[in-house]
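What follows is a set of structures for review.
Here chain A shows up in two complexes: once beside chain B, once beside chain C.
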Partner chain A sequence: MRSKSSKIVALLLALAVMASLAVGCAKTPAPAPTTPAETPTTDVKAAMVTDVGGLGDKSFNDLSYAGLQRAEKELGVKIQVLESKEPTDYESNINQLATAGYSPIFAVGFLMTDTVTKVAPQFPDVNFGGIDIFFDPVDSNVIGLNFKEQEAGYLAGVVAGKLTTMTDADPRINDKKVVGFVGGMEIPPVQKFEAGFVAGVKSVNPDVQVKSVYTGSFTDAQKGIEAGKSLIEGGADIVFAAAGATGNGTAKACKDNKALFIGVDSDQYNTIDGIGDTILTSAVKRVDNAVFMTVKEAVDGTIKGGENKIFGLAEDGVGLAPYHDWDAKMPQEVKDSVDKAKADVIAGTVTVPESK
Partner chain B sequence: MPEQMADTPPNRAASTVDEKQFALEQERFQRGVRMATPFISVAIAVLVGSLVILASGKDPVAAFSAMFFGAFGGARQIGETLLRATPLVFTGLAVAYGFRSGLFNIGAEGQLFLGGLAAAFMGVALGGLSWMLSVPLILLSAMIAGAAWAFIPALMKAKLGAHEVITTMMFTYIGRYLVSWIVTGPFKAEGAIPQSPMIPASSQLPRISDVFTFIQPNRAHFGILIGVVAAIVVWWILKYTVLGYEARAVGFNPTAAETGGISVAATTIKSLCISGALAGLAGATEVMGVHYRLFDQFSSGFGFTGIAVALLAKNNPLGVVAAAILFGSLSAGAGTMQLEAGVSQKVISIIQGTIIFLVGAETIVSWAVSRVRRARGGADV
Partner chain C sequence: MFSEVVTPELFASAVRLATPIALAAIGGAVCERSGVVNIAMEGLMLISAFAGVAAALLFGNAWIGVFVAVLASVLFSAIHAWASINLRADQVISGTAINILALGVTGFLMETIFGHPGTTDTVKTIKPLMDLPAGGGGVLGTIWQWVDVVFLSYTPLVYVGMFSAVFLTWAMYRTRWGLRLRALGEHPRAADTVGINVLRGRWVAVLISGFMAGLAGANLTLEQVGSFTENMTNGRGFIALAANIFGRWTPGGAYMASLLFGFADALQLKLQLFSDVIKIPPQFFLMLPYILTVIVLAGVVGRAVAPASVGKPYKEKG
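Up next is the complex of A and B:
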């Protein structure tokens, strides 16, 4: 009897051990495909590492991936994405991709600054791109991909500054000369959006007041609703939110309280369900373009590291999304002002400030 | 220990030799099942993960072999596994120590943040000192910070009866947002990024392969060795000291312990503070061995994963080390699995969840095992 029960336990243990061993043994026949291959230009393999936000963030991780997917379709490059579950993953993910022969490798988000700076010298033949990372110093195989958020914010400001006085254009526009801004955390990309927005509003109508609220969060939609409501109660009829998912709450507040909304990063007409004609446009950051262009340079063999690139209106790195449902009723005067502002910025006759 | 205390034969009335022997055997069998549950749970979880991978149209064998290779395939891979196991050893020990004294320290995450904060601050402050002095001082201050963060909930539990699940959880939020504010404001490094300054080399825990150069380069740092030492110390405290005896006694039956002359209030405070100190070490080793600075998201919920580690280890301090290495290997292998087999890393979360569920619902496993056994044993008795 005694031996029987211990036999069963032993059997169960053995099964558990075998199950885990079987997993390991199966590895032997499969040769490790980690030998770095000499990559001729037609054989470029591009990859990215997400930050802990992961894919599905409808923001820069997804946008970077969209850029890679476009490169896969149009240039025939092989693409790969590794998601990071925790900050510890950054270095091992980048390391694995570099060891597996991927180049360029994009690190998405400023949290990977230290990691890229540390790993890049170990792989001199691999190119690294950092989204929203300003490298200082910058290694010869590293490219910082940054954006002039202020220029996109500026165009959004032109739309808001013009439209808020045109009470005939839409019943939701009140007679108060007030527009609103909702920010996530007070970090440089958001502050640049705000500075550009304020400058844009003032450039077309110095009398219009911009009221700003920082929620301290990129994820809390409820805070976005409250911030939106308070701005609308304060007389704002148009609210620009640069606050990630918090901004989705602001969009809802605008819809519920009969105000107008301007989105950020991606074309939020497509990412917020049922937003319809509440949204005027979005101040977009073309992370996808920056990624695609960098991969294209790798394919063409013209890729050059050792610099921080800054993508603005001129490089098609930031811009204004289509007006969508507003396209028909947007006054021509507003559209013309936006086009003129864009031309001025590209020509360099207007320089948009980075800070207020 | 609670298990041993519970080991009285279930059937005292057994009069005949046969019945006695049956009861004994039954009990021995139950103990066997209890010991085997973690292993069975892991096996079932791997099976569930395989089904999910199969359902998504991928090859589970390829996926798991890639994962296994990514976790144990070489010095670099083993280093990754140990690196990820390190914080889980400490948080697992923290939660396990709490459980052993009847306390559910759900707030290890908050104590970890405070430990990390103390380590980053002291690491920078003690910059000029030799590492022989600064490293122990930093570890000590992280333990004090973690213990202090647990002390207030402990006091509230001991004096007011406020449940530690609520209070330690709430203190986690306070701790996290405190760190969030500190790295964006008063303790922010120069530059745009919200993070603390980097701690100097003398305050860092070096990588093992940097010191013992015959080991191939990998990221495992000395924190894992400190973790193993901590596990042995905790095991020793629980088994051989008055402190540990009192903790176990209160955990097993507070009323009996009080009657026996043990102060439940004092023991509660001591136990939760020790638990907090262990969690504080998790934050310190992450700062000193991995990131070399503090920032908002430096922990991805190690305090909460520590609960799963403690459960899987059945609150045995030495088992915690093994369970932490298992969870570390899942995390380390996930990237390779995605890279080579194209399987989403979310599968790893499914496996972890299944393990936790099965270990938590131990009775399900032992019920299933005894059903199988009865069906087979019936013929032979």
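Up next is the complex of A and C:
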């Protein structure tokens, strides 16, 4: 009796586990409506493998997909997305796409570095693009798509550094001259955002203090709240968060405690529900542009592997999102400083540091 | 600098960070005292966090969300109870299965209900129970500020956590139910011989644990964060398991241990603001709660004696 019922329960649980793992392992997006008359034809098939965040992360995965969708619409390439639920899905997903003849294949996220390095030599005819991956060494069919996060952070810093001294602009701005930064894990893209932010603040106002808190996670919204509260209590009136979903918590802390927030990666005015005029702007990474440009090179036949590309302000690879609700009340002086900083960086008269 | 670090907000932050862990850990203590290991608390918190937000968004009322969160958690803990008590499956396997199932189920329902993975829309979080006016100046004002922030500034479920820690400790050591509960975990055969229904007693304990884990998930999403993100519990259920051991399998001890974990976390978030004065990398502070957990599990802080029959399925003589 005992062993039989144990077996049954073991079987049931095993099935449950398998079912839960199978969920959303590989999702095929609905086929796009074909408009044969207008779309130029090409036999390029581009694909991407998401990080564990998956589609709907309102960040890199979605942005990469937006780049692919644009390529589908404007260049007529066939596209495919495979979602990874676990890091163990990376390799099988990439293999599956490479075997099916997709090229270029984009691996989204720093965490896929080793997988791409391992799989790429097995498919010499396929081009691989790694979002946020700096390959070292870099194979001849591999392209690293990196971003100058520090330049986006720099512009965010200019906004914060200017605005935090303008106590008349908004009642939420105090006279303490302190701004905050919340980081997720201490990995290079986040550190570059921080370094740029600090440099931006200091460039417009050397006596403004920047206080940083790292939470050690990209998915812990509760810690994001507490980190935000800690900074606000420490005098910060503007907080810039480069921390994924942890940053959503920081945004809530800013909203509840009458402080201002700067978002990251995508335009978070659109991605954080009900954020309104708590958000000033976002330091964005135009992953969509980088993906689209790479696919376009594949279509044009000019795609060249074996290099790490770095997209900055000049390449329209990073930037500052619109001010949205703040557009009307953002002091002209701040807007002018941002435009000037942007021009300086593009012209090369200002070089933004990558580390503090 | 000391007065900038040690503020009333530091302690309030510790309590807020501790509460989801504490609520789950209190339930865990009851569950393990009955002889059933509940490693599924992480999964139960995740499921209830999701169910709470989904229901609150659907009905537009956070309290309905709390109710649904607890209901979902109790239902899933019933799976654990059925598997580990009636079918005498390995309790750790059953709990692990629920943890993995929770990740998959919430991810799947996220896509079917909200149409996308990642983070849900935001619900209006539950307000603090009391909203008292700030104190005036002077010594009295400062004292009032400390009392207000450290003790009176919380949302209702935080007080439920404090109350249940006291109540369940009393119940465990001062009532007939508590004596029987402890007997189930120490020597279920002896308890059975004197006429205690072992299976029913363990079922009740597992369901109480599910109830508390449900409150933990509800506190996390409906009182604190306001939205659900996949895997947002980030191992809090496992820290709760450790807190339960640190607290020597008593609800009160589990609560105090959770407070310690919460305090370590709040302190590291605070100390990072003074990194120009204190030259210690943030990773050091981030690892403090985990070092504490390891120290506890290694038995350094006194000997932690588990209930003698915990983890062992019980078979009634038939």
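FYI, the second predicted complex is superposed on the first by the 315 of 356 C-alpha atoms of A that agree within 3 Å, B and C clash if a C-alpha of one lies under 4 Å from a C-alpha of the other, contacts with A are read in each partner's own complex, and residues count from 1 in each chain.
Basically, a residue touches a chain if its C-beta (ideal position, glycine included) is under 8 Å from a C-beta of that chain, and two chains touch if they have at least 3 such contacts.
Since we're looking at a predicted model, the values are computed, not measured.
J.: Given the touch rule stated above, what does A:Lys252 touch, chain B (first), chain C (second), both, or neither?
T.: A:Lys252: touches chain C, not chain B.
J.: Considering only touches as defined above, state whether A:Asn308 meets chain B (first), chain C (second), both or neither.
T.: Once the two structures are laid over each other on A, A:Asn308 reaches no partner at all.
J.: Answer with first, second, both or neither: which of chain B and chain C does A:Asn270 touch in the superposed model?
T.: In the superposition, A:Asn270 touches no partner, neither chain B nor chain C.
J.: Quick one: is A:Tyr214 in contact with chain B, with chain C, with both, or with neither? Answer first, second, both or neither.
T.: second
J.: Using the superposition on chain A described above, determine whether A:Lys223 touches chain B (first), chain C (second), both, or neither.
T.: The second partner, chain C, only.
J.: Mind working out whether A:Thr165 is in touch with chain B, chain C, both or neither, as first, second, both or neither?
T.: A:Thr165 sits against neither chain B nor chain C.
J.: Would you sort A:Gln69 into first (chain B), second (chain C), both or neither based on which partner it touches?
T.: neither
J.: Should A:Lys85 be classified as contacting the first partner (chain B), the second (chain C), both, or neither?
T.: After superposing on A, A:Lys85 lies in contact with both chain B and chain C.
J.: Touching A:Asn174 in the superposition: chain B (first), chain C (second), both, neither?
T.: neither
J.: Overlap of the chain B and chain C footprints on chain A, residue-wise?
T.: Residues common to the chain A contacts of chain C and of chain B are 2, 5-6, 8-9, 13, 16-17, 19-20, 23-24, 85, 186, listed in rising order.
J.: Please name which positions on chain A make contact with chain B in the complex.
T.: Its residues touching chain B are 1-2, 4-6, 8-9, 12-13, 15-17, 19-20, 23-24, 26-27, 30, 32-33, 52, 80, 82-83, 85-89, 91-93, 96-97, 100, 110-111, 113-114, 134, 185-188.
J.: Using the touch definition up top, name the residues of chain C that touch chain A in the complex.
T.: These residues of chain C touch chain A: 4, 7, 9, 13, 16-17, 20, 83, 86-89, 93-94, 97, 100-101, 103-105, 107-108, 111, 115-119, 121-122, 220, 224-227, 229-232, 234, 265-266, 269-270, 272-273, 275, 282-283, 286, 315.
J.: Can you list the chain A residues touching chain C in their complex?
T.: 2, 5-6, 8-10, 13-14, 16-17, 19-21, 23-24, 53-58, 85, 186, 211-217, 219-223, 225-227, 229-231, 233-234, 245, 248-249, 252, 272-274
J.: Over in the complex, which chain B residues touch chain A? Could you list them?
T.: Listed in rising order, the residues of chain B that touch chain A are 21, 25, 28-29, 32-33, 35-36, 39-40, 42-43, 46-47, 61-62, 64-70, 72-73, 80, 83-84, 184, 192-194, 219, 290-293, 295, 297-300, 331-332, 334-336, 338-340, 344-345, 348, 369, 373, 377.
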